[in-house]
Amino acid sequence: MDDKVVIAKRVALELRSGNLVNLGIGLPTTVARYLPAGVVVHFQSENGIIGMQPVPEAGLANEFLTDAGGGPIGAVAGAAAFDSCMSFGLIRGKHLDVTVLGGLQVDELGQLANWMVPGKMVPGMGGAMDLVSGARRVIVAMTHTAKGAPKVLKRCNLPLTSVRRVDLLVTEMAVIEPTGAGLVLKEVAPGVTVEQVVAATEAALIVPDQVPVMAITE
Amino acid sequence: MDDKVVIAKRVALELRSGNLVNLGIGLPTTVARYLPAGVVVHFQSENGIIGMQPVPEAGLANEFLTDAGGGPIGAVAGAAAFDSCMSFGLIRGKHLDVTVLGGLQVDELGQLANWMVPGKMVPGMGGAMDLVSGARRVIVAMTHTAKGAPKVLKRCNLPLTSVRRVDLLVTEMAVIEPTGAGLVLKEVAPGVTVEQVVAATEAALIVPDQVPVMAITE
Amino acid sequence: MSKAVNVTKAVELIPDGASLLVGGFLGVGSPHRILAELVRQGRKDLTVIANDTARPGVGIGLLIDAKLVRKLIVTHIGTNPETQRQMIAGETEVELAPQGTLAERIRAGGFGLGGVLTPTGVGTVVAEGKQTVEVDGETFLLEKPIKADFALIACWRADYNGNLDYSLTARNFNPVMAPAGAVVIAEPTEIVPVGAIAPDDVVTPHVLVDHIIEKGMSNGR
Amino acid sequence: MSKAVNVTKAVELIPDGASLLVGGFLGVGSPHRILAELVRQGRKDLTVIANDTARPGVGIGLLIDAKLVRKLIVTHIGTNPETQRQMIAGETEVELAPQGTLAERIRAGGFGLGGVLTPTGVGTVVAEGKQTVEVDGETFLLEKPIKADFALIACWRADYNGNLDYSLTARNFNPVMAPAGAVVIAEPTEIVPVGAIAPDDVVTPHVLVDHIIEKGMSNGR
């Protein structure tokens, strides 16, 4: 299974029926494809809609109906459109149950850096800072390493997205839960050992006696 | 002419076509009856509409269409309804051209007290504090005296509605403009002398050589 | 899943001592059936945050008549002599707030803002005991956010998922209050199928609404 | 009195050096004909406040391509490599703001609030040089209001008086920006008679709008 599919499938298991969910651009967007049967969530796109569908249905595509990446989307029956203040009021006001975001780095404090590499890549934070500060539950979906270098670090050396501790980190190797005591290794991916995860991680990991394998299927 | 009609007619002369105008409950509401021919203004009611008409047209009366006093109103073609945040955003944000409010006292600083008499009458400020702080132009419409006692004072002894200097005071005796130098007597009512106004006023008045008579008609 | 529930069940969720945001302006746009049911069930020691207390026998006035309210945060009580009597007699605690400030405080509570910086009330009795903040040489009052255990709101149409829209001046505080209630109960004039309210007409998105009252009658009176 | 005006006349009102609030999200809901006309007339030294700069050749990207912008306040420039190039080369000053914060700052500007107290950005580089305010033991950033000489917005329908409503995700920053522009120019997809937009469907009341662009074409592209 492709690394990104592993991540998306595992993140999808975190979503519960009725949740209001915001998926970041890129890998997080693909989570919608892997929702378990029977789980119905509401997807928010921060440019102003609840009830987006990832792929337009015939007749629903429209130049005025797009996702936060600018791509065409559809809308479910009962969708709601609104302005940017309402959109981020929902986010900042703790009405968003889950946000799934990509990451550049996560550290032992559970802090996320995902919006800039000084001098190299300065896309801007868009909605990421509000999402990480405001969502009830923040899930980071990112590859465990970049070109062999660990992305789960003792301390982020890139500018933080928020000082808030994220709730869960899902990579192609592991599920890690940041806690007040540190990063707890909760699960490993199929075919990956605890030792491999520890070796690919700069941060200290708290490793329980039993580390189950992610319950994802082909 | 009834005192209150004098006041309403004179205030009506202050309104310009295109103005967004908020009329307070009571005497100020009657100003709408005396708009000069050809002057078309937009009336806001702070409970959430622009385009109110003071008297409902047949077929427009509705339990969900009322003014800030709770009475039934009508709506012109092109009316706009909105929530309380928008309504007071318009007021606080200087989008309201004119507010006309009743008064208990006005003083030499041009400050208005109109929302409570401690220990006797505590209706609450409703929208008055926002209106006086936020409107581009604040016109106070009140009787010059109450049971013979002056209401235009050196200093208000009732709690202020705002520290902002109001723009104009219209009574059944006079038109007074508060300025940085003090209260300037701009006009007297038909049949009223400057001496009578000065005698009925506790505050010092700046009296120009010529004080014209209000240009109101029967 | 339908959020429709009958008014008796909905009001049973509200305990004595609860704080309630209640929509409406002089009773217009208030959840009349919920308010009447609160009286019928005799819920007491309530904190009510609303624009006003309408009149005796009407809207929030029903709660005042029945002496169910311990504390009020309102902008105006001039239309309800019984509220004024209870305040002066010390039976009900009344905190008065400017209307625009109250609306923004509730919005701030629901939208996760730390407070409101407003010029309204600076230098008046409203400013007493409150922090002021200077921004570029201008002084603003810091008014604190308001949230409540429940938001009890009225709307025109609701769909079964809880999307709401409003009619004319019955809108007033209702959409502002929805985000600020931990539990939101909406009383619609009518309930329509999901999808019958176009996305652009939804003023309060369904995710903010927990329960909608069945069998809405026009204004509930 | 009709507020309709042709796009050439409307853009002639905008001087070099003007500050512009520009609606849209990656070009969706941007006033495309106004932006193209700004380029045609060669307006320069502009300050642009917007969510993003779309892509080269699209929406605000047109102003970037033509190097008409001196300063940008935006949330994201990742979709426009030319904006990034100009920023790194020091040709264009770029101030980055979190999206929810930018929206609230503009709203505060238009609604007469002294600023925004937000938890977003506390402890990050966004907080550098900014005042923080404690409210009940929590720390918030004080973000300042934003106003501009012009708000250039797009909408779906306008009536001739200037009442506006919006379509789906093309709404975004447009209604938030209308109150914050000293002069507001709206580019509708279609202009309808006064009264054709029901009062409850008006999102931006006409009193906020100064000019509407005639002969709207779908999205102006």
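Labels for the chains are A, B, C and D, by order of writing; each one numbers its residues from 1.
FYI, a contact is a pair of C-beta atoms (placed from the backbone, for glycine too) under 8 Å apart; a residue touches a chain by one contact, two chains touch by 3 or more.
Since the model is a prediction, treat every value here as computed from it, not as a measurement.
Colleague: Any chains in contact with both subunit A and subunit D?
Modeller: C
Colleague: If you tally the C-beta contacts, which comes out ahead, A-C or B-C?
Modeller: If we tally the contacting C-beta pairs, B-C comes out ahead.
Colleague: Counting in whole Å, what is the centre-to-centre distance of subunit B and subunit D, each centre being its mean C-alpha position?
Modeller: Chain centres of subunit B and subunit D, defined by C-alpha means, are spaced 35 Å apart.
Colleague: Roughly how far is subunit B from subunit C, centre to centre by C-alpha average, rounded to an integer in Å?
Modeller: Computed from C-alpha means, the inter-chain centre distance equals 29 Å.
Colleague: Taking each chain's centre as the mean of its CA atoms, how far is subunit C from subunit D in angstrom?
Modeller: Centres of subunit C and subunit D (C-alpha means) sit 32 Å apart.
Colleague: I need the residues of subunit B touching at least two other chains; which ones are they?
Modeller: 49, 75, 81-82, 85, 88-89, 91-92, 134
Colleague: Tell me, which residues of subunit D touch at least two other chains?
Modeller: Counting only residues that touch two or more other chains, subunit D contributes 104, 107, 112-113, 118-119, 166-168, 171, 199-200.
Colleague: Could you run through all the chain pairs that touch each other?
Modeller: Touch list across chains, by label: A-C, A-D, B-C, B-D, C-D.
Colleague: Hey, which residues of subunit C end up touching subunit D in the complex?
Modeller: Spelled out, the residues of subunit C in touch with subunit D are 104, 108, 112-119, 133, 135-136, 138, 140, 142, 144-145, 165-168, 171, 199-201.
Colleague: Which bits of subunit D are touching subunit B when the two form their complex?
Modeller: Interface residues on subunit D, with respect to subunit B: 1, 107, 110-113, 159, 161, 163, 179, 194-195, 197, 199-200, 202, 205-208.
Colleague: Mind pulling up the subunit A residues that touch subunit C in the complex?
Modeller: Against subunit C, subunit A makes touches at 18, 20, 42, 49-51, 75, 77-82, 85-86, 88-95, 134.
Colleague: Under the stated contact criterion, what part of subunit B meets subunit C in this complex?
Modeller: For this pair, the touching residues of subunit B are 45-49, 62-70, 75, 81-85, 87-89, 91-92, 122-130, 133-134, 159-163.
Colleague: What residues on subunit D touch subunit A, complex-wise?
Modeller: 25-29, 51-52, 54, 74-79, 84, 87-88, 94, 96-104, 107, 118-126, 156, 166-176, 203, 218-219
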